[in-house]
Amino acid sequence: MLARVLLRTGVFLAGVFVASIVIFTVLRVLPGDPAQVALGVDATPEGLAQARAEFGTDRPLPTQYLSWAEGLLHGDFGRSYLSRSAIGPQIADRLQVTGWLVASSIVVALLLAVPLATFAAMWHRTGRGALLAGLSQVGVAVPAFIAGVLLVDLFAVRLRWLPSGGWVAPDKDPAGFIRRLILPVLSLGLIQGAVLSRYIRSAVLDVLDQDYLRTARAKGLRPYQAMVRHGLRNVGIPVVTVLGLQVASLLVSGIVVERVFVIPGLGSLLLDSVANRDLLVLQDVVMVLVFAVLTINFLVDVAYAALDPRLRRSS
Amino acid sequence: MTRRPSPGLIVGAVLVAGVVFTALLSFVWTPYDATEVQVADRLLSPGAHHWLGTDRLGRDVVSQLMVGSRTTLTVGLVASGIGAVLGTPIGVLASMGPRWLDRTVMLGNDLLLAFPGLLLAAMLAAVYGAGTGPAMVAIGLSTLPSFARLARAGTMQVVTTDYVRAALVAGRGSWWNARRHVWPNIAGLVTVQISLSFAIAVVAEAGLSYLGLGTAPPTPSWGRMLQDSQELISAAPLLVLWPAAAIALAVLGLNLLGDGLRDLFDPRLERR
Amino acid sequence: MTGAETMLRVEGLDVLGAGATLVRGMELALTAGERVALIGESGCGKSLSALALLGLLPEGLTASGSIRLVGVEHDLVGAGERQMSAIRGRRIAMVFQEPMTALNPTMRIGRQVAEAFRIHGRVRGRRAAQAAAIELLERVRLPEPGRIAGAYPHELSGGQRQRVVLAIALSNRPAVLVCDEPTTALDVTVQAQMLGLITDSVTETNAALLFITHDLAVAATACRRVLVMYGGRVVEAGPVRVVLSRPRHPYTLGLVAASDLEPLASRPGRRTRLTTIAGTVPAFGDRATGCAFRTRCPSASSVCETDPAWSQTGDRGVACWHPVRAASDD
Amino acid sequence: MSDPISATPVTRRTLGTLVIMSLTAAAAACDAGADPTTGRDSVNLGFLAEPENLDFTRTSGAAIPQVLLTNVYEGLVKLDDSGRIQPLLAESWTVSADRRTYDFQLHSNVTFSNGDPFTAETVKFSFERVKSDAWNVSVKKQMDILDHVEVVSPTQARVVLVRPSNEWLFDMTGRPGAMFTPGGIADLAGSPVGTGPYTVSRWTRGESIVLTRRAGYWATKPALSTVTFRYFKDLNAEDNALRTGAVDAIIGFGSPDVLPQLTADGFHVIEGKSNAEVVLAMNNAAGPLRDKRIRQAIRYAIDRAAVLQATAGGHGTLIGTMVPPTDPWYEDLTARYPTDPQKARTLLADAAPGGLTLRFRIPNLPYAQTAAQVVKSDLAKVGVDAKIEVLEFPARWLSEVFNKHDYDLSLIAHVEPRDLLKFGDPHYYWGYDNAEVRKLMAAADAGTLEEQTADLREAGRIVADDAACDWLYLMANLNVVRDGLNGVAVNSVGESFDVTTLTWR
């Protein structure tokens, strides 16, 4: 177990390192000078030189990489070339927003997917099962942002039940926070729930075929009891893997959904920094997102071992 | 026993065939020129002349949907093509090559997984500017790992079988083996993956166009139609609904086709 | 045989599925303490019959006929899930073939055994059930039962796991124990110990045992009576020693010849020819009417295209148009 | 000014008319800016395009002065709704006979939001600071003709220019005229300190800026205590926010096609003039459009009424040159190039007999993308193939088109006041170079107001005749406002959106 975790940690750290180099390299071939972008049209050559010195973009690339990476290690994300404000606190704010969004969506997706998939699998030869499987297929086919656009039109604009978007911090206005969270979380959670339910359904079907489930029923457990007591944990093992991938894909569909619902999360920051060519912000946001995905994969690996006793003492 | 195609497979195949047919038809016939602006005819409701109405520039919606299906197919084909053409050989080589190569390739693969399509697209858009090209490359790269993984697993399965071992012992090279044994074994799975990646690409293209990082006007694309008309959702909700429905049906078709084919190719996974 | 109480009576049991009859007209009666073997090649319907007894047929398969179990008012055929789950594990229990997969890999052994007690309310409370489980593990002769109770299945050998499965089956002292190839997956040395354990346990609780195997030697060791199954039908039945030493059905003869049961071969000339039985067991869907074995039978004739009737003589019976002549009877 | 271009259709402020002003004053006098039924004294306003930071001395962009000027920062003078210069921190001023010396009489008892007093020293500090390295955006050039500032007394400042200029005083209504205090410039990007009635109390990046009314404002205090500027990325989200009550008004409304629904739903539309000319920019300096005949053909080919209809639902004004009707030198030149595809074809047959393909590189702004597709369709009808290429705004469009001049055709709204003058700059991105025009403009700057008007009118005519660009239309200043909210400026002529006049009634 320990050796496995150590090995995985090593792979994870190496991944983060390589990713940082890839991100830096790709984004530094950007045509266009951050100083030029920051100063706008007809900036003076002296102004540009001054800005380049201020940003440090006049230094050789390896030096720039090292100082960037060193900053990151200390939690210093640098200052935006455009807004001149520190990027770290901004990312922290945005990360919190995106964190709420993604975490709530995962919860909704699971609440939806687990029962849906379990029933769909247990009824899989019946009409009800086919209906559930069909519903999840349709759910998968509708992109989250389209769901978002339609949900806003129905629940916010036509029915006036919920706000169309925006964001308030949970500590400032808890009710407003929840009301604003509902529609974006639904548009992400419903779709991801549909995707997840298909994986869970096939994991459940796999487990249903397993001998130990027959053993459990031979003991006298009813099918549902057998599934709950003996199946779920085993279903969990493949599902955790998928869930890891889902969180990654939620982070990404979140970008589009944040745009639909005007939510100031990491996604909006990413898109703004692309449009503005706010290079360092873009670099930092991409790094944070990639780091998040890598961390999730790493945690999934560790969780895998926790769920599956076979992996614990194997090495 | 002969395996019958599942209803899902049939529905999927019909939907996909419908999109392909529409795209092909649009080369020879559309009701109107899809890009011709007729300001006098703007925002018409569905009717005898314009079956699904016109948009705010007076362009015929049916014609735009038809020509838009070409964009959808192009993006899907190129993106899943990039994934398949690069990913499959990488997976095969990794599994047939030495262990260190396999390890390295798979680590690289995992790393690529950490760069989801949209993130890659945003990075490429920042570097090369937004457009269909960078979008397709980004989506393609993001589907690559799934192909590599699949090809590797499929190859492993074959390489460890006795007949391939025998062939290796008999002095046949890896290349011969790959062609003779590996490809037939993984071809079906790769086909399935192409269908599923295609669906992912269609969704991604729509999302990118929605964000303004995808297909640029005046090329009709379903994602763009959606973005163009969404501010009119209260005035002309149908204009949003048509492209949304087109995207959803195409993705549904591709997913059903992919799942159905997988059931057909791989009886172990059959679920119906 | 001695007028002991009948624990299980099966009459006219059919298993139907996908438009085919997979098990046809099975008749079986088990008395307390009786040990009966059900033999045949794989695919002949042995396991399906056993699963039908517990009401655990795979989805899409249905049973008809009658299965009566001692102490149960209703027929097990057509009983609801609620009724069946109250019976399974309590009045009729089963040991499966594959010990490697029969246990939940993510649950500790002790809990899996204890659960069997708790489901039927025989032992209440987590601690009491755990203690009972350890005691039971000891009874199936597992070393260090306390340690094993805290282990996961993957930490045990195949033989140990099969003992755990047996312990689970025995936990509620069932009236009938069904063992489906319980020793097939085990090492030869472990097989004998396991067999001994099963027979001893059954003797101890005076339960009836239905022992499914394809291994004639195992059947001969463990059981008194044997049923030979082919193509979904019981083709021959009788006391083990008699049936195996003087088979009357050509299929039984073939089985015996193909096995290593040395003294039974009365016709050395035929033995060499039938060391293996030519052909393979027909697939389920392909069974038409008539004797299922006729496609592989050396003495098949046109009459074999109709179903042979069951002819019972004394304690043995056979279903064959051309039974092997008992000329060399002792 | 450095940002002739706005991401938003029209997002500039105007002051209210004198009538509205006096109403506001009366309302404020009885301290009743609040909604009489709900007691509401706050308002949420919807905008597109958020400021990147709050420092317009070092960051370009129209969004910063939009929220800060007049509301947080004040200058000596301001523009009124009809585009005339009015006093603000200066009570009055006189101009010397040689038109080089301005004597400003300042209001006394003016303080900054950090408590610092406003005096003639402040004027000297602020103006000289524009000329220093502290400012690095290009509007600082407007201060180049400043010779020096003399502190005559605490309430009297004398400004001496290098040469006479009509433009200078006008420019002082914008960013370079804003007053700063030495004690309030430590964090311009995050905490601006001005003499205005509001301070920035909260800024949620990516979402909103909250202005709070401050105590101790020198003039009549505004009616509303809290004004929130909420920023949206697209028109639909903004529209939804309005309908669901998240904002009370949208300033610079961009989807005219939904106006009928909104007016039925308890909103009213305020349609005024802006100075946002939607320009079909042509590269006069390079490529095929150096040929005046081709530029003329393009002007004849385009149906501007259709462009206006398709892009803005008809809300806007057709103009024939780079002059909005609110400028004194406006003149209706729409008849100079009527839509005449046949004439366009004839001109093209001479100038480009082999057919013509143009690179039409546009910003990814909604109105630009819509208008460009109509233009493309019109040009196709006369045999010109305009290949649309969409560039993200601002970064890529600025770098490719605006800085590198790498385009044939482009399309963007120029919102800068008096931007006709850009045709006097041969290095500007459309590369128009006409000595006569430059001469007229120089004379206009130095001459009397009458001379200025006459000279610029002439320059406008020449530019139009030369087909230096095509002026598609002048955007209407469309504000959609919840019934009950009053005091929203009708026209948009300056750089700020003035919230001091808003009241609930």
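Observations
In order of appearance the chains are A, B, C and D, and numbering begins at 1 in each one.
Simple rule for what comes next: contacts are C-beta pairs under 8 Å (C-beta built on N, C-alpha and C of every residue); 3 or more make two chains touch, one makes a residue touch a chain.
Note that this is a predicted model, so its numbers are computed, not measured.
For the pair subunit A and subunit B, chains touching both partners: D. Centrality annotation: A (chain centre taken as mean Cα position, compared with the mean over all protein Cα atoms). Here the CA centre of subunit C is 91 Å from the CA centre of subunit D. Subunit B and subunit D have centres, each the mean of its CA atoms, that are 45 Å apart. Centres computed as Cα averages put subunit A at a distance of 53 Å from subunit C.
Along subunit C, no residue makes contact with two or more other chains.
Of all residues in subunit B, those that touch two or more other chains are 125, 230, 233-234. Touching of two or more other chains is recorded for residues 31, 125, 149, 153, 157, 259, 271, 274, 277 of subunit A.
Two chains count as a pair here when they touch; such pairs are A-B, A-C, A-D, B-D.
Every residue of subunit A that touches subunit D in the complex is listed here, in rising order: 31-32, 36-44, 47, 50-51, 80, 82-85, 90, 93-94, 149, 152-153, 156-157, 160, 162-167, 259-262, 264-265, 268-269, 271-272, 274-278.
By the touch rule above, subunit A contacts subunit B in their complex via residues 11, 14-15, 18-19, 22-23, 26-27, 29-31, 124-125, 137-138, 140-143, 145-146, 149-150, 153, 157, 202, 205, 245, 248-249, 251-253, 255-256, 259, 270-271, 273-274, 277, 279, 282, 286, 289-290, 293-294, 297.
Residue ranges of subunit A in contact with subunit C, taken from their complex: 125, 210-212, 214-223, 229-230, 233-234, 237, 307-310, 313. Considering their complex, residues 234-236, 239, 243, 254-255, 257-258, 260-261, 303, 306-307, 309-310, 364, 366, 369-370, 372-374, 376-378, 388-392, 396 of subunit D touch subunit B. Across the interface of their complex, subunit D is touched by residues 35-37, 39-40, 42-43, 56-58, 125, 129-131, 212, 216-218, 230-236 of subunit B.
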